[in-house]
Amino acid sequence: MVRKTIALALMSGLAFILAFILGDWSPMERLSGVAYDYVTRGAADLGAMNLVTAIVVTYRGLDTLGEVTVLFLAASGVAVLLRRKRDEAAATVKIKRAASEIVTTGASLLSPFIVMFGAYIFLNGHLSPGGGFQGGAVIASAVLLLFLAHPDYKLRHNVLNIIESFSGFTYVLVGLLGLFLAGGFLDNRFLPLGTYGTILSAGAIPLIYTLIGLKVGTELAGILENMKGRA
Amino acid sequence: MENILITLLSLIILVAALAAIYLRNMISAILASGLVSLFASILYLLMAAPDVAMTEAAIGAGLSTVIFLLAFKKTRDEEVENG
Amino acid sequence: MADLIIHIAAAIALLGVALAAARMVKGPSVADRTVALDTLTVISISLMAMIALFAERVIYLDVALVYGILSFLGVIAVARYLEGGL
Amino acid sequence: MKLVMVLGAALMLIGFWGLITRRNMIKMILSLAIAETGLQLIMIAVGYINGGTAPILDSAVDKLSAVQQVVDPVPQALVLTAIVIGVAVNALMLTFIIRLYQKKHSLNISDYKDMKW
Amino acid sequence: MEWYRLTGSILSLMGALFLFLGALGVWRMPDVYNRMQTGTKSTTLGSILTLFGLGVYHPQWMGQMLILMLFIAVTNPISSHALARAAHHIGIPLTKKSVVDDLVEEEEPRLESMAEMEER
């Protein structure tokens, strides 16, 4: 087996490199550099309790913009590749087994709660763990639960597209507002910082995270629906 | 306590990762990778990263398992149809 | 005293995790593995709550909340796949 | 935390090993996802500080001495986006596999020799 | 030593025992359905007891614990039911020791009607 030998050689090389890196690594004793700055100034500067949120939304906000772009490209790639031609769609209609009554009842009972929980997560992103990405994933999970309970459930595509484009556009617009009214692109301080620790605080961070949450949620739901295929 | 927790979870993650690669049955492999993601989420929580743990829990619990299952089903359905 | 008892409880729950994970790896059929995964998710919700107690941070409970409401999705997905309804 | 770093390295090795030796394309994506998890574990472990707590400054953390108590938030922010991108990219790759399967009705990577030089 | 700490820790110890017994049943029971029964019923009770005990231990956290208990009490039966139905559908046999199988009578006519639908 030549292939296995080559694979083994590659693996041992990688293992050697990893062992070399990990060999003389020791945990940090104290924060330093840019992390020290973020931790000491973050709360007072931006008014966000959750420093990870502060970094994701504001300090490294440009990265988040790029990340949302990658997600959008992946979602539209899935949609384009799995688009069905008319005759093809008619040929592959299959009877799927219906879910039992307990599952359908549970789905219709739980999915509003899950959507509400997702909204709670991205609205509280600056106070507790969570934020746009987690909230969006939770909302997509509610859509997934509906798909599991009703095999031929259909989403409304135009509503989905409108929400997605609107939130993406407004996200860039809020970033530009930060550029003109405050320190830089995606700066959150053009809105008042409010009282530290309440839900309407930290400037524009709740707004930005709500937009990110809507965008991520609709994109993941779109990926799921395209991969499920329209029955 | 925490050291015992981390050691045991690491062992289970390693075994589950090996199982995900070497199991013949694809559904079992997908389930094993879901197990890896579940215990990775607990490890993130132990390493004081609740944000990351929440992301891993929200995505690893349902979404990634279902995406793999859907892809597997799509490559299986047609095989039956086309003999 | 009370702290010690909670630590013992966590150790017992960990033993349960080990047993269920063994069934997960061994289990002859897919249904066995799915049952083991279901058990593991429920046990790990309790484990997450105990970790929150050890760390004395209330915010860690949010992770357990998210996992508690989403953990059954994977099991239902596999079940619906097995009965041919996904 | 050294243990977690070793675990992450081992997961990366297992993932790449599976990526090279498996022939089934869905298995390969699964291996890649495992390698991804290992990398994320390593990144989080780099930012850990012994005895540190989560970088969320609520009433449990004293704001003035927060620098001595919390762990590094920067790797956490990086990994946060990496996980979401990871699942989207996995979905895209699986979509490619579905399309390939519809062309040739095979999941075996050895059957796709069109691009071989 | 406050009394509520002791009460809460003993409650969660009992819950952890139930969790362990559920996992032991998953390891020891002879077939899928028995494993499912111990793996879901016993762990539901165990996790609810554990979370309630932790809530008693730390009274400020009781609200979150109650929500968590509600989630578990709602979601766990759904998943175990769906799984049991799927396992019965794909024809995993019961162990030799079991005596009744009521779902067979319900499933047979439904299966026939499904076959008819597919023929049509």
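Observations, loosely collected:
Going by the order they are written in, the chains are A, B, C, D and E; count residues from 1 in each one.
Going forward, contacts are C-beta pairs under 8 Å (C-beta built on N, C-alpha and C of every residue); 3 or more make two chains touch, one makes a residue touch a chain.
Per UniProt, the chains are D = Cation:proton antiporter; E = Na+/H+ antiporter subunit G.
Worth saying up front: this structure is predicted, and the values here are computed from it rather than measured.
When C-beta pairs in contact are tallied for every pair of chains, the largest tally goes to C-E. With centres computed from Cα atoms alone, the innermost chain of the structure is B. For this pair, subunit A with subunit C, the centres built from the Cα atoms lie 24 Å apart.
A straight line joining the Cα centres of subunit A and subunit E (Na+/H+ antiporter subunit G) is 31 Å long. Inter-chain spacing, taken between the CA centroids of subunit C and subunit E (Na+/H+ antiporter subunit G), is 12 Å. Looking at subunit A, one finds that residues 50, 52, 97, 99, 103, 110, 121, 128-131, 133-134, 137-138, 141, 144, 220, 223, 227-228 touch two or more other chains.
Contact with two or more other chains is made by residues 10, 17-18, 34, 55, 57-60, 62-63, 65-66, 69-71, 73, 76-78, 80, 82-84, 86 of subunit C. Counting partners per residue, subunit D (Cation:proton antiporter) has 1, 17, 47-48, 53-56, 58, 70, 76, 80, 83-84, 87, 91, 94-95, 98 as the residues that reach two or more other chains.
Chain pairs that touch one another, listed by label: A-B, A-C, A-D, A-E, B-C, B-D, C-D, C-E. Subunit A makes touch with subunit D (Cation:proton antiporter) in their complex at residues 3-4, 6-7, 10-11, 14-15, 18-19, 22, 25, 27-31, 34-36, 38-40, 43, 49-52, 55-56, 60, 63-64, 67, 70-71, 74-75, 77-78, 81-82, 127-129, 131, 133, 137, 197, 216, 219-220, 223, 226-227. Interface residues of subunit B, counted against subunit A in their complex, comprise 50-51, 53-55, 58-59, 61-63, 66-67, 70-71, 74, 77, 81. Subunit E (Na+/H+ antiporter subunit G) makes touch with subunit C in their complex at residues 1, 5-6, 8-10, 12-13, 15-17, 19-20, 22-24, 26-27, 32, 35-36, 39-40, 43-44, 46-47, 50-51, 54, 57-58, 60-61, 64-65, 67-68, 71-72, 75-76, 78-80, 82-83, 85-87, 89-90, 92. Subunit A meets subunit C in the complex at residues 96-99, 103, 110, 113-114, 117, 121, 128-130, 134, 138, 141, 144-145, 148, 151, 228. Taken in their complex, subunit B has these residues touching subunit C: 1-2, 4-5, 8, 12, 15-16, 19, 25, 27-28, 31-32, 34-35, 38-39, 41-42, 45-46, 48, 50, 53-54, 57-58, 61-62, 65-66, 69-70, 73.
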